[in-house]
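The structure under discussion is supplied below as C-alpha cells; questions concerning it will follow.
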Amino acid sequence: MKRTVPLLITFIVGAVLILAEFVPHEPFGNFGEDFSLYFDIIAVFAFLLGGGNLIRVHVTKVQRKKKDWPFSIVTLVGFLGMLAAGLLKIGNPDGIQGDVAKLGSLFNDLYMFIFTPLQASMFALLAFFVGSASYRAFRAKNLDATILLVAAFVILLGRTPFGLWLTSGLEGSLSFLQIPNLANWIMGVPNLAGQRAIMIGIALGVISMSLRLILGVERTYLGQDNE
Amino acid sequence: MNGNGEQKSLVERLQFIDRRIIFLFIAVAVVLPLLFGATLKEETTPIVQELFDFIEHLPPDSRVLLSFDYGPTTAPEIQPMADAIVRHCAERDTRLYMMAIWATGHNLTGSTIEETLKPEFPGYVYGEDYINLGYKAGNQGLIRLLFDDFKRMYSTDANGTAIDEFPMMQQIKNLKNFDLIVSFGGGFPGIKEWVLYAGDPGNIPVGGGCTAVSAPLLYPYYPNQLVGILGGAKGAAEYENALITKYPAYGKKWMGGMSLMMSQAVSHVVIMLFILFGNALYFILRAQRKLETGGGE
Amino acid sequence: MELLRSRIIIGITLLSMVLMFGSALAQDADKRDVLDSTAVRVGTFKKPVNLPIPAQLDVVEDSEGDAGSSITVSWLPSPDDGAGKNNVIEYQILRSESQDGEYVIVGSASRGMTQFQDATTTDGVTYFYYVRTISKDGGANSQISAGIQSSPQWFNTKDLDTFIIGLIICAAVIYFIYHAQKGKKFFLRQIAGLEAVDEAIGRATEMGRSILFIPGINDMDDVQTVAGITILGRVAKTIAEYDTKINMPVSRSIVMTTARETIKQAYVAAGRPDAYSDDMVHYLTDEQFGYVAAVDGIMVREKPATCFYLGAFFAESLIMAETGNSIGAIQIAGTAMPAQLPFFVAACDYTLIGEELFAASAYLSGEPKQLGSLKGQDVGKIIAMIVILGLCGLYTVASISDSVSLLDFADKIKGLFSAS
C-alpha cells in the first residue's frame, strides 16, 4: 500500500497531464496551468518547513556554541529582520495596507541597499573565476584542447576592438577571416549546432526519464529501491 | 615539493600560481579603466543596427512596449541598453509603455524613469507620453493573456490609478496595438517568450536586449522573429555608438555601455595573456620532463 | 368660355412649371445629400473624399483546437493597405447575434494583419461578422458573414504531428523496456563521470571528509532536480554502506523533504537507520546568490573531498565549481542547462552533459528495464538525424536545381517538425 498509492498517483497524474497537452476541451485544457498553480501553492506552504529548519539549525548552533556560532546570529538577525520588515510593513509610507516593496519602506531600503549590492557582488565574482578557470583549463594538451583554445582566443579577441584592429587589413574575399566575423561565425554556426544537438538529446532524455517515472520503473525519488 | 619529493621548480610553481594573483590582475584590469573614465567606441554590427534603424523609422506617437525582465545581478549589462533605447524612443517622440514580467524588473523600471527619462526629457508627460504599468506575475501565461486583452491584466498602472484615466491607454486593447515590443533580459521569462507568445502569433515586431551569455541562444530568431538583438555590454556600446552617430549631442554624455567596454577589453586581454602564459609554462615543463626522462635512459 | 380656357391653360402651364421646378429642386437636394455624405465643404467648394476600398471577408470559422469561446475571422487585405492615398490605419471587427441586428466592435487589427481571433463568444450562440476598413477619412464595410458558432474541440489537431512523434518515441521506450525485461542485453557506452562515482565516494571515505551533494537550485517540478534526487538515491546507498558523511544544502523546501526521505530509506536499506540524521539535508535560501555564497562558505570551512553538482544551475555554476576546485575536491557535475555546461566542463573533473544526467540513474542501477529505456531514446535520435540530414539534402538540391516543387515538399516536411 505504501508503495502502490504513490505510484498510482504518479501514473494517473502523469498520464492525465500528457493527455491534457493535446485535449483542449474542458476540464483537460486547463490542467497544465492548474497543476502548476497547485505546486506553487504547496511550495509556498512548504517554505515554512525550510524556514523553520534554517532557524532550528542556527539556534542550535548558537545554543551549543558550535564553531563559528556568531555568524549564525547574523543569519538569524538577517532572516528575522527582513521577515519583520516585510510582514509588518515597517516604515511603509502607506502603512500596513501599502505595497510591501513601496519606495521609502524599510523592506525596500534593505532590498536596495543591502540585498542588491550583495547579489551584484556575488555575480561579479564570476569575472575573477572566469580568469582563474581559463588559466587552468585552456591548455593545448591534445588536438581537441588546442582547437578549444584557438576558438576561445578568437572569441575573446573578437569581443574587443583589438580583434578588428589586428585583422582590418583583410578585405574583400578575405573579410570573413577578420576576427570579429570569425567569432560571430563560431558562435552562430558550430557553437549553435552543438547547443541544438545537446538540446535535442536533453528533450529525449526528459521523455525517457518521465516515462520511467510515470510507469513506475524508476522509484528512487520515493525513497525506495526499484524492484 | 613535486611528485619526486624534490622542491618544485619556478616553472612548476608558476603553472599552479595562486589564484589570488590572477584575481588581482583582473581587478586592476576592470577597475582602472572605470576609475579613469576611459571609454571605447564599438562599431555597430548589423544585428544591432537593424533595431536602431527600426526605432529611427518609427513615426511620432508610435506605441512602444518596453518590458524590464531582469534583476540587479544583470543590471550592469542590461541597464545601459535600456537607457539607450529609452533615449532613442523619446528622441523619436514615441509613446512608452513600461512593464515587467520579473518581480525585480519593477524597481529597475522606476529607476530608468527617474534617472534617465524624466531628467533628459522633461517635456514627457506621465499618462500621455509614458506610463509605468508595473509588474505582473504569470510568466508566459501573462503574455498570452495580454495578447488577447491587455486591460484584463493591467486594470491599473503601477501606482494603482485606473488605466482608462490615461489618454495613452485609450487605444490599447491588446498587444497587437503596439508598433514595437522590446524586452530587456536574458532569463526566463524573457525575449524568447515575447517572440513565441506575442511577436510570432501577432506579427508584432520584437527587439531584445540580453546578457552576452544568452545572446547566442537568440540568434536563430533573427531576423525573422526578432528585429535586432543587443548582446551584453558590447551590444549596449554598439547601440550607444549608433545613437551618438545620429544624435551627436549624446557624445558629451556618459554612456554606460561604452564605459564598460574598456574594462571588458582590457580584462579580455589580461585573460588571454594568462592563457598564453599558462600554455608557455606547460610546454616548457613538458620539454623539461622529456629531457629528464631522455637523460635518464 | 375663351377666357376660362386660357386661364386653365395658364394654370396648367404654371402648375407644370412648378412641378418641374420642384422636382428639379428635389433632385438637386438628393444630389446635395449624396454630396454632403461624401464631400467636405472647402470654402464654397465641396472636396470629394475617398473612403478606402473595403477588405473582403475570407473565412470565418470556429477556432481550431481550443476549449471553445473563440471564432477566427480572416479577411483579404484591402488594396489600400500599405498603398494608395487612402492608406489603411486599422481594421475593426464587428459582431452581432443576428444578421440584421446591432453590430458592436469586438476588436481591431493593425494594418497588414489579415486575421483576428474573437475570444469572447459563447458556445452555441450564432454570430455574424463583418470587417470595417478604417482610413483617416472614414470606414468601409465588408460583406456580412454567414452565421457561425464556436465550440470546444476534443483534440488539438494543430499538435497532431507532435503527438505522433511523441507516440513513436514513447512506444520505442516501452518496447525496449519490455525487451530488456525479457533478458535482451543492450550495449551502453561508458560514461566517465558515472564510472567515477564509486571512486569519488571511496576517496571521501578514505580521507575521512564529507561528500557535498548539490541538487541544483530549481524545485521538484523541474525534471533535472528529480534526476538529481534519483542519483542521490544511488549515491546514498553507497554512502550508507561506507558510513561516509554527506552534507546536502538545498535551496527549496520540497527538495529538502524529498532528499531526506531518499537518504533515510537508503540508510534503512543498508541496515544502518541509526546512522541517519535529518541534519544531513538542510535548507539555506531560495535566493540564487545567497545560496551559492552559503555553499561556498561550507566548502571552504568543511573542505569536502567530493562534490556532486547534479541538477539545474544558472550563473552560480562557475562560482561553486571554482571554489570546489580551489579546495582540491573531486567534482562530478551534471546539468541540462546548455549555457552552464562549458563552465562545468572547464572547472570540474567529470561532467554529465545533458541527457547523460537523465540516463545516470538508469546507468548506475544497471537494471535491464532502466537500461532498455535508454535504448528507446536512441530511436528518437535516429529520427532526428534522418530528418535533419534528409531536409538539409532536400533544401540543398532544391536550391541548386531551383525546383519549386521540391522546395514546397521540403517546406511541408519542415512544417511537420515546426512548433505551431
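The letters A, B and C name the chains in turn, as written, and every chain counts its residues from 1.
Everything below uses one rule, namely that a contact is a pair of C-beta atoms (placed from the backbone, for glycine too) under 8 Å apart; a residue touches a chain by one contact, two chains touch by 3 or more.
Just so it is clear, the structure is predicted and the values come from calculations on it, not from any experiment.
Novice: Can you pull out the chain pair that has more C-beta pairs in contact than any other?
Specialist: A-C
Novice: Using mean Cα positions as chain centres, tell me which chain lies farthest from chain C.
Specialist: Measuring from the centre of chain C, the most distant chain centre belongs to B.
Novice: Using CA atom averages as chain centres, what separation in Å is found between chain A and chain C?
Specialist: 19
Novice: Using mean CA coordinates as chain centres, what's the chain B-chain C distance in Å?
Specialist: Taking the mean C-alpha position of each chain, the two centres sit 23 Å apart.
Novice: Hunt down the residues of chain C that sit against at least two other chains at once, touch-wise.
Specialist: 289, 315, 338
Novice: At least two other chains touched by the same residue of chain A: list those residues.
Specialist: In chain A, 119, 122-123, 130, 132, 134, 136, 195 touch at least two other chains.
Novice: Chain B: which residues touch two or more other chains?
Specialist: 19, 73, 217
Novice: Quick check: in the complex, which residue numbers of chain C touch chain A?
Specialist: 65-68, 152-156, 159, 162-163, 166, 169-170, 173-174, 177, 219, 221, 223, 226-227, 229-230, 232-234, 237, 250, 252-254, 256-258, 261-262, 264-266, 269, 279, 282-287, 289-290, 292-293, 301, 315-316, 318-319, 321-322, 325, 336, 338, 341, 343, 345-347, 353-359, 361-362, 365, 367, 369-370, 373-374, 376-377, 380-381, 384
Novice: Quick check on the complex: what are the chain B residues that touch chain C?
Specialist: 19, 73, 148-149, 173-174, 176-177, 187, 196, 203, 213-214, 217
Novice: Show me the residue ranges of chain C that touch chain B in the complex, using the header's touch definition.
Specialist: Where chain C meets chain B, its residues are 107-110, 112-113, 117, 119, 288-289, 314-315, 326, 338-339, 419.
Novice: Give every residue of chain B touching chain A within the complex, in rising order.
Specialist: 17, 19, 22-23, 25-27, 30, 40-43, 45, 71-76, 106-107, 110, 141, 212, 216-217, 219-220, 234, 261, 264-265, 267-272, 274-275, 277-279, 282-283
Novice: Applying the document's contact rule, which stretches of chain A touch chain B when the two form their complex?
Specialist: 33, 101, 103, 108, 111-112, 116, 119-120, 122-123, 127-128, 130-132, 134-136, 138-141, 149, 152-153, 156-157, 159-162, 164, 180, 184, 187-188, 191-192, 195
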